[in-house]
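Shown next, in structure tokens, is the structure this report addresses.
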């Protein structure tokens, strides 16, 4: 029995519960925030080493054998995602120490953060389709609550859209799960895959595949289902934005990867073709959306959408290299995008705005911040030798190899427009002379040394990750390659989960 | 070798620290790196000229066939030498030019990084690594061009150069990947040897176009030439560096490097020679329009780049030698000229040639350097530029195709170049003395070192060209793909090329004499220039912004209704199509109903519909309540007592919550038009129909027995509970329940935060402590 | 200032609430064998408290409840997570049920029951948190 | 016996329908609330009959919870009315 | 005293509800009853008159059921016949009941009796406002209500006869 | 019975979506409520309906004597009901706060964050 | 025999429920409708629960059936009272055939005070004290 499979869920759950239990004691909450997310990170690394050593790890929750109970499954892909959850969680927790107001803390900021991480980790690790729904909801409601923390007008308006569209997605998901259960009589994903493997050419399977695609497409913010994201991601406190930007949509992408490599692999010519179109349109419309924006976080939000397109592209092409590229892209993007949001928060702390036209002069006054911005920004745009370059390179190479020239062309063009956006931010926020001071706006108190350190530390850490992946890509590449191998050979997953039950036909 | 380049990047990163340690002298300290590199490269000369190719292997991401392998052949060595030698001068020069500038340290960071990127670019053997350095030069040059970052023009120019070169870079990437896949090698050497395979492949033309997209943008070929003069916003040392030895030559380098692999075809020759020639003439012509010394020099660079491309296109052995010669000559004189331009700018406070005159007395050394370098630019005997021009004209005259056309263009370019050279060399220093914003005097020594040495080299190599012939031959051999011999000499006797040179000298001087008239004649053509490719660039950028704004307005328009409709249409469209196309509507009806069940189901539906059509909120809530009770009844009827209880409790509490909330909300308003209602009815109705069909299909097509038989059998023996549902909830699927209660708790936290946060913020107090809350 | 509830409602609440609470405990404990369980029981209990709230207002309910509803959530979450852990001691996967018989009463205690109690507390705490916060917004409640 | 039970159920569901008609007709909110209250009381009876029909005593638990808890909705509505919540009838 | 009675009652209710008439279960019922009472003890007012409670209760139930059926039929008749025979109205009835519990108990009884419905108690608790369906003979109605009140109060009060 | 339920569930979905497409936030939230109920019924129905045989093990036995209703969808629906309850409580309070803060119940007046 | 009683109870219960429903539908105003729901429906449920008790005949089930009756008897009048009172005070129209209304004159809609019509000075002070403690 290897507890590290379940610990990434239970540690944040316990941290959240404890944090809520001590909701009046701010120091304790802060302590739990750091220790909890830190141990999540450590555990996830432990999980990686175990998975690396023993292959796919499975825990049958409650000791009920699969497919009857709920299985937690840690294959390499899930493990990578959990590690990223740990990294982002820990970074955001550190950052939050400096940026979270007393009011936010008093109203559950830290418990919500822990539980959001628990939901995310649960979604990554579960091997049960209904349990996936449950973790989606945990994550979603935690994000609802984080989104409205502060009760500002924009938050309310954003939250209504966010809540409505995400609930619609949940209901579509739930509907699909209900129908799927009706059709195959099981919920364990490995079991579903195994049973569907015995079915010849059933149209209903494709119908369900498409339903799941739409449900997860909404969660992943794919075209044309992404509306909730740009409407809301710029409204909450920035640490929350970073957490969302890093993790939430990627859970949708993860789910797409999971079901379209494990369960719905019968007619890739149909399903993955739809994904391919979606990927292309997602890239394009996301980046065009960003081009029209002049607010730091809105630009970043639209870029989440366009980057999601690249990840889905990896899945849609469905070749070993492409899936590898998708995994690599997710890995790179989570770090980079969260970091960009964190940086936007520092900028806001220093200048008091997210509007590009009200910002400027930071290159002169905060050169290190400028450097720290350039690393993730250029990485996002796919500039070498940063992580994003390799991510984009693999996907594009896979696209050319798979002879999907149209979508590859889009991918290239979108890269250029991404660069345009990042450079726009750079020129406006850092290069441009600072704007005339606003009479009405009160002078900002300059942040204290300790506060700055708490903000910079995670940013530097994430930037180092980006640099590391870029300069020493081989280990990460190898990791992504192995995980893609696992993804494309579902029998390994099925065997790990079902054990002996694999052989006996239901 | 790799260590040197990577170390250079590290050095760049440490530039601020060096500045702290060495102060103003940091630039000199950093110049030691390119200086030692130059020295090292210099010592490799014998081996390379002997035809050896030095390879330095180093793996990077082997999984992706990416290695950091460096390769030193004639071409690389020529470029590497230019880069590091001129780099030394530029670093030294900077010390004087940017003396006391607050951003000097950052400048050094980027400049050294740029230098190393260029070196990496010309040394890389792996196509991906080449591309990595290629993009690095784009980024670093962006940062350099925008060095005066508070100036909007500088930012604009920097952005322009970045977008064009990075855009070309992406095209290049696609081309390189296709090439690598077809040639089945990621090494440039490997690809060169696979030239025939690539040339015969069906994808040759796309590859070529992609690669040319990269090379032409980078090296400012027509119609992408406009970014380069705009890049003059950079500080002069940068211009000197960018335009003489480096950035713009990257594209040329790439073409030269790929010549053995991609070159030699009809398409290659046609495209390169024509675009090159047009660029050459365009550059030379536009140069004469400008009075700013930097613009003038920049356009003449465009002309030189066009020439180089044209030579590659011609592709004869002669042309290869001419290519290498012209390349070296251009680097030497253009470097010197830009540095001179910087001195003039620095010492007089203006860049406008028309505003200068008679400076030779105040700055004799500068004037001499300028004269030598400009004469070399004009291709005047006995300077190295003359040899370059002669060999170029030779090559053009002996071109295999388009020879007359190319010759004519080359001649006119030579004429105008000579005029430009004369303007640069004579205008500021001779004639009547004019007042300049600053009182002119000779530049400081660190600024003069570069021009003196570069101009000196132009002169030296002109007089003794055999000094360079080894290197030139080696470079030309690399371009050619197989060894060739080159003997450079100043005097080839009287031949057609010399005649053309003489013609160009005379006509060029004429233009110089009547330069003012020339500009006046051309003035009516201004609107035409305004409609040049640069206008196209701005149009394109505007178009993107327009499209993006249009798209945002169409998609992300803020109306949640539209978002929902769109999402649902996608759902219904995709799912419905899949259902009809891949499954079909096949199911049996077997109605086995009891009258009271029908009534309860009917009431449930009526409750829902009533809730929809009720104009009164609370009445709608009550209708929802009846629907809930009916659902509870349905649950009970179909054997789910737990569900029944839960449903009715939830319904009751929901009603309470709704009533508490509605207390604060206004009544329903009727806001939609009837057209909207019809549309919504269609969307809603089709979704409902789809769901019904899906359920019917699933009910009819169950494929496997449920896993719940196991649960029914084992819930008591294993789970010790008689209520199987509860055993599932708290034991078999306890993880679901665990998540579920966390959802509930989270919702409560959210509700609490929403309702209380504002007030506590307003009162600026923390939520009640334990003691307070006990007392209420 | 409006009275919280009428005389009749107040007295009825005083009688009904204990009954409802008792009933909720009943539902909680027998949920493993008959319809019921932590969630249903928690809802019944919160219904009882809601009735009391309507009749007596927030202050009186707080006084009676003694703990803040949010603390109930925290405790419940803690219990339900902790109930997953004893299995680790036996080297079994998380959430594996553990059963202990309490000697004197012959009562069977188990981690699923502990879990159900946690659920009960969470449901009670959550509903009360929401209802109290909503009623506090009305201001005119005592 | 079976017939009797079916008749009982049918009559009771018809009663349910009548209550629903009142709920739709109103005219005032209290009228609808009364209809809702009757709806829940009728449901208690219907579930009792279901228990007899299926011979499953567990269904009574639903009745008992309903009898004890369903009136809370009415209390909630009344509170709303008494506090002068914005009425729209 | 009162608390103990309530406690026992709750324990009995527990036993009845669980349907498990064992000693253990009664003990459990006592414990849970105690717990619930402990929760509300601060709000418990003194209750009185439980000694001869059970016999009076049985008598009362009989009386009440008779009234219930009788009046129900009258209402039923009016509902199913098309014309309205009823003559409804709101009357104020002076209360003899004093404690909250008595008043509530009586008011609910009235509500359960067909034809009458308690609307509210005046703020000084001296008058109960009742909606009655059949006010043809108001005196008779009041007399009936007083009789009901008397019998109900007997359940609560030990010595004094009402 | 199942076909009838299928039709009824379809109507519930349609009603829910129609409500969600209204401009009033209150209708939006009522639509969400209908939708979650509809989804629960769908899960309940698509596994098949069984009359009068709740999944309970009689006292003294280790398994139900005859065929009983599928307990698994019931457990799923229970979980879904609870989740929907939590989420919808949140949504209900959200619309109230949104109304208080934005000072409009018209969704068309809540589009500032997008454009 | 038991079956006959059971059947009679069931049919009777159903009849009373139908009666309650008809009453709610037919009766002319809120308060009269309340009469129908509180009594007839409660009685109907009580009869059905008696039938249930007879049908199962087990102690546990009988106890639960009586539990239903008891709980309904406890909650129904309270519900009727609160909604009736609320409806009355917010101005539900009384049926035109209503003979008299002794409540209306004693009710102050602004302060929500409800007098008894028999107040004295002493009573007034007692009343204010009461409302404080409440």
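When the chains are written out, they are named A, B, C, D, E, F and G in that same order, and each has its own residue count from 1.
Throughout what follows, a contact is a pair of C-beta atoms (placed from the backbone, for glycine too) under 8 Å apart; a residue touches a chain by one contact, two chains touch by 3 or more.
Note that the structure is predicted; figures quoted are calculated from it, not measured.
Participant: Which chains are in contact with both chain A and chain E?
Facilitator: Expected: C.
Participant: Could you run down the chains that neighbour chain B and chain F together?
Facilitator: Chains in contact with chain B as well as chain F: A, C, D.
Participant: Have a look at A-B versus C-G and report the one with more C-beta pairs in contact.
Facilitator: Most C-beta pairs in contact, of the two: A-B.
Participant: Measuring between Cα centroids, which chain is at the maximum distance from chain D?
Facilitator: For chain D, the chain whose C-alpha mean is farthest off is B.
Participant: From the C-alpha centres, identify the chain that is farthest from chain C.
Facilitator: B
Participant: Go ahead and note the Å separation of the Cα centroids belonging to chain D and chain F.
Facilitator: Measuring from centre to centre gives 20 Å for this pair.
Participant: Using Cα averages as centroids, what's the distance between chain C and chain F in whole Å?
Facilitator: Between these chains, centre-to-centre, one finds 24 Å.
Participant: Based only on mean CA positions, could you tell me how far chain E sits from chain F in angstrom?
Facilitator: Chain centroid spacing, chain E to chain F, equals 40 Å.
Participant: With chain centres defined as C-alpha means, what is the inter-centre distance between chain A and chain G in Å?
Facilitator: Comparing mean C-alpha positions, chain G is 56 Å from chain A.
Participant: Which parts of chain C, given as residue numbers and ranges, touch two or more other chains?
Facilitator: 2, 6, 8-10, 12, 16, 19, 23, 33-36, 39-40, 44, 47, 50, 63, 70, 73, 77, 80-81, 84, 95, 97, 126, 130, 133-134, 138, in rising order.
Participant: If a residue has to touch 2 or more other chains to count, which residues of chain F qualify?
Facilitator: Chain F, residues with two or more chain partners: 20, 25, 28, 38, 42, 46-48, 51-54, 56, 59, 72, 76, 78-79, 82-83, 86-87, 89-90, 93-95, 97, 107, 110-114.
Participant: I need the residues of chain B touching at least two other chains; which ones are they?
Facilitator: 552, 556, 558, 560, 564, 568, 602, 617, 637, 639, 641-642, 645-646, 649-650, 652-653, 656-657, 660-666, 668, 691, 695, 698-699, 702, 706-708, 711, 721-723, 729, 731, 733-738, 740-752, 754-756, 770
Participant: Which two-chain combinations touch?
Facilitator: Here the touching chain pairs work out to A-B, A-C, A-F, B-C, B-D, B-F, C-D, C-E, C-F, C-G, D-F, D-G, E-G.
Participant: So in the complex, which bits of chain B are touching chain A?
Facilitator: Residue positions touching the partner: 59-64, 66, 102-103, 106, 128, 131-133, 135-136, 139, 142, 146, 149-150, 152, 155, 158-159, 162-163, 166-167, 170-171, 173-174, 177-178, 181, 544-545, 547-549, 551-552, 555-556, 558, 560, 563-564, 566-568, 570-571, 574-575, 578-579, 581-584, 691, 694-695, 697-699, 701-708, 710-711, 714, 718, 731-736, 738-740, 742-743, 745-747, 749-750, 752-754, 756-758, 760-761, 766-767, 769-770.
Participant: In the complex of these two chains, what residues of chain A are touching chain B?
Facilitator: These residues of chain A touch chain B: 13, 16, 20, 24, 61-62, 64, 67-70, 72, 102-103, 106-108, 111-112, 115, 118-119, 122, 126, 130-131, 134-135, 137-138, 141-142, 144-145, 148-151, 160-161, 164-165, 168, 172, 175, 179, 181-188, 191, 195, 199, 202-204, 206-207, 209-211, 213-214, 217-218, 224-225, 227-228, 230-231, 267, 270, 274, 285, 288-293, 363-364, 367, 378, 383-385, 389-390, 393-394, 396-397, 400-401, 408-409, 412-413, 415-417, 419-420, 423, 427, 430-433, 473-474, 477-478, 481, 506.
Participant: Can you check the complex and tell me which residues of chain G touch chain E?
Facilitator: 16, 19, 22-23, 26-29, 31-32, 34-36, 38-40, 42-43, 58-61, 63-64, 66-67, 73-74, 76-78, 80-81, 84-85, 88, 94-95, 97-104, 106, 113-119, 123-124, 126-127, 130-131
Participant: Within their complex, state which residues of chain C touch chain F.
Facilitator: Interface residues on chain C, with respect to chain F: 33-35, 39, 126, 130, 133-134.
Participant: Inside the complex, what are the residues of chain D that reach chain G?
Facilitator: Residues of chain D touching chain G: 1, 4-5, 7-8, 11-12, 14-19, 21-22, 28-31, 33-35, 37-38, 41-42, 44-45, 48-49, 51-52, 57, 60-61, 63-64, 67-68, 70-71, 74-75, 77-79, 81-82, 84, 87.
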